[in-house]
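Working notes, beginning with the structure itself.
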Amino acid sequence: MKPVCLIIGAGAGIGGNVGKRFAQAGYHTVLCRRSNKEGLDTMVQEIEQSGASASGFLLNAIEPGSIENCVATVEADIGPIEVVLFNLGAQIGDRSLKETSPKAFEMGWRLATFGLFRVASSVFPLMEERGKGTLLVTSATAAVRGNRGQHSHAAAMGGRRMLCQTLNAEFAPKGIHVAHIIVDGAVDAPDTLGKMLGPEKFQKLRESRGLEHDGLMLPAKMAETYFHLAQQHRSAWTHEIDMRSFSDLAWWNH
Amino acid sequence: MKPVCLIIGAGAGIGGNVGKRFAQAGYHTVLCRRSNKEGLDTMVQEIEQSGASASGFLLNAIEPGSIENCVATVEADIGPIEVVLFNLGAQIGDRSLKETSPKAFEMGWRLATFGLFRVASSVFPLMEERGKGTLLVTSATAAVRGNRGQHSHAAAMGGRRMLCQTLNAEFAPKGIHVAHIIVDGAVDAPDTLGKMLGPEKFQKLRESRGLEHDGLMLPAKMAETYFHLAQQHRSAWTHEIDMRSFSDLAWWNH
Amino acid sequence: MKPVCLIIGAGAGIGGNVGKRFAQAGYHTVLCRRSNKEGLDTMVQEIEQSGASASGFLLNAIEPGSIENCVATVEADIGPIEVVLFNLGAQIGDRSLKETSPKAFEMGWRLATFGLFRVASSVFPLMEERGKGTLLVTSATAAVRGNRGQHSHAAAMGGRRMLCQTLNAEFAPKGIHVAHIIVDGAVDAPDTLGKMLGPEKFQKLRESRGLEHDGLMLPAKMAETYFHLAQQHRSAWTHEIDMRSFSDLAWWNH
Amino acid sequence: MKPVCLIIGAGAGIGGNVGKRFAQAGYHTVLCRRSNKEGLDTMVQEIEQSGASASGFLLNAIEPGSIENCVATVEADIGPIEVVLFNLGAQIGDRSLKETSPKAFEMGWRLATFGLFRVASSVFPLMEERGKGTLLVTSATAAVRGNRGQHSHAAAMGGRRMLCQTLNAEFAPKGIHVAHIIVDGAVDAPDTLGKMLGPEKFQKLRESRGLEHDGLMLPAKMAETYFHLAQQHRSAWTHEIDMRSFSDLAWWNH
């Protein structure tokens, strides 16, 4: 039986590409995303046509019980989850405090912090019994510094990072590897950046900074590092790592 | 008319002592706490008997509208709020992930992160109109590192710190000073540490580390630094500061 | 006998103003700087004319034995040093790696890191015997992030910050307070910024950002915080603090 | 012609193992260490007997010109250096300030900070012309926090980290990848930990925490991550990463 890699937040960017990478390496990948059944099916088909193995679920992570049921279903019907990628973002663009409704602020937390808590609460008891497992967490620069207009996002991501540390402190000695991955740059991803900018602006950005310039982070290339982290020997685990394009300023430089 | 200093979380530790310090300096201090009307009244009386000026409110910060109403009432009945101390803690002691219910996890956020968001959303538009104001935020080591068993607390405090940064980024140029104060040690406070440990253990700790040893942080002494921060000239504002007893290891040392 | 405050790096900016502040409060201030005997004498006279007490020394900190002799002389001839401000900068402007000679790189370390080590090695044994003392260390953003062109400065300041932490870990329990003060912005100081920019550019900057705009940090105002740090009760010491103008972006925002 | 991987600090721990890993992958590895010609020759032979390719040099990095000559010789006689591992440590064990001589303090900087500056100054102009290159820098927890007794080591490592950031800021856009690798734990390395502890204590530690417990970091396993970093696509470079054994507390937890 193939080990299972569960992707929570499997759009056409990091999530989908990490899913493909693990599938290529012999994992059965379970792709979960909130909407776009068609896109999801296409991704599953692509993986299967390449000879690898995948399933897809629509999952509304905000809904009570959704993540918990998904984990239970996958464990029951597919197999033991060995790797989880928590890849839900909560970037809503820059908004002044006045424009940030209590609801928007709460939504950021619910997706990006509480969602991770629920994933860990669902999967870690199972991994703990098996004495091993990996949780890869996509994070953002907002986890380490709060910029103007990022009230909801930064508060959610700051909480996410600290939660990764408390999870690591409790579960690393039990054989569960938690890696917090700071994505410090724009990703060449049509489902997130593309939607935020709109198709035209996104295409322009790709032409000016992306494509042969490599100024946008290529999710297929990022996936190599995600995969590597899950293969690290337990005597040499990484808990925190950052990533950005060579041509981008690091967040601490300006 | 005296400038107003609003204390959210005015127990017998940091909150009460900061309140007294501002009152001594000529502010009208408004003390808000969740319970113990008697303790609250005593604090107000003590301040008034010393010739200074104070009011007290019971405030259940978790309740929708509570903080918002409190701010509106103070502004209408007492005067313009010049300084706010956000002093709500969310430490519930060390709990494993299994012992951390979703409700407890959410409660930490609701008090420690969302509460701050609500305070800022209520007060900052008023301060912005007046072109000045100060928000002092008591924070904890858990805001910068997540220890074992601190899932709820660290996630909440990590969010709090990032929120302070986003608030500062938007409002400092408008004359509003946000200071994030990392309290990196045990405070000699009967209402928080005292309650967590119980009276006997607390007394023992005071005798072994506190009192003439100064190994517990004295809230009346800490209040001097809180007060100083609110007096800094706008050309020289502090955004982040830490505090601990001389005999305590800093959180990064071990 | 007045307590002594020793200022190493006493130009017309932070150093001189901190010196004045301590003198006003009843310390005998010893001002040390590398050159400009006239400027030094004027500062000493100003302090004395205000009824306070000061001395001045020319001190070439880079020279072997210079700091050590200065400390010994002050202790022998003036009195026990209670507070030291280490205020030597090592900013040489932005230079590419190619333009940074090994000598320039070493000079940065020698002044900014090794100088601090020598000060602590000279003064701490004396303070330790007396069971108390304070070391205030002016630091820079370069201590927490390395920007382009800052090879020498950032390496020196990064070393300085870590040294402050090791000093604090060893000496705080012995009653010696080490405070690392991150000055995160341009200071309205003719001897440093003024010299780096030249008189015309400096005056323009003062007119556009400084003066009534308060966009340059006013050293006389900063001195209040330096002074406060030295007065903190030992149960509530600050080890790290940052400062910047209200209108400046924090280093982590861009 | 094979690409060249230059290892500065090639003992039997991280340095040697990273060297082997690159050799296995088709690089010609150049191993440099200060002493033990026999050990060095053995390592070179082992690599060659496995069908891979290596050379060895004795290099006293502290000596003026030594690093510079080594780089020039390798470029002239072997080939263009594509990857450099800077792996010189400067840990001298815990020493109080009194026990830390100015010479010992300076030696730490000379090896760990200035050595890196010299390596970059020698190699980067060549890499810049070729538009690519990788500098892997082994670092330590002391780069991010200064513990008691670590005056020399922490000051040197704090400088090293900031220097990595300034190098990255200048050279990443030119295609040169700098990775700062925080080794946050004890490495199962006879040449460093083994020598510091002595053979008996080292063996005991290996039995109690190392070997099948994996509580000491295995350099052969760490080498996988070093190698991965050098293979990252330029759209997804890591600048900072930490590593520790699963059973070890992270430096921020205690």
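In this document, chain identifiers A, B, C and D correspond to the written order of the chains, with residue numbering beginning at 1 in each.
In this text, a contact is a pair of C-beta atoms (placed from the backbone, for glycine too) under 8 Å apart; a residue touches a chain by one contact, two chains touch by 3 or more.
Keep in mind it's a predicted model, so treat the numbers as computed, not measured.
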_Let me spell it out: compute each chain's centre from its C-alpha atoms, then which one is farthest from subunit D's centre?_
B
*Mind checking the rotation angle between the two copies, subunit C and subunit D? C-alpha superposition, nearest 5 degrees is fine.*
180
*Give, as an integer number of Å, the spacing between the C-alpha centres of subunit B and subunit A.*
34
*Where the CA atoms of subunit A average out and where those of subunit C average out, how many Å apart are those spots?*
45
*asked:* How many angstrom lie between the centres of subunit B and subunit C, each centre taken as the mean Cα position?
replied: 31
*Note the residues in subunit B that touch 2 or more other chains, in rising order.*
145-148, 165, 168-169, 252-253
_Topology of the chain contact graph, where touching chains are joined (line, ring, star, complete, other)_ = complete
*Mind pulling up the subunit A residues that touch subunit B in the complex?*
96-98, 100, 102, 105-106, 109, 113-114, 117-118, 120-121, 124-125, 142-143, 145-151, 154-171
*Sites on subunit C touched by subunit A in the complex*: 144-148, 249, 251-254
*Contact footprint of subunit A on subunit D as seen in their complex*: 165, 168-169, 172-173, 175, 177, 188, 214-218, 221-222, 224-225, 228, 231-247, 249-250, 252-253
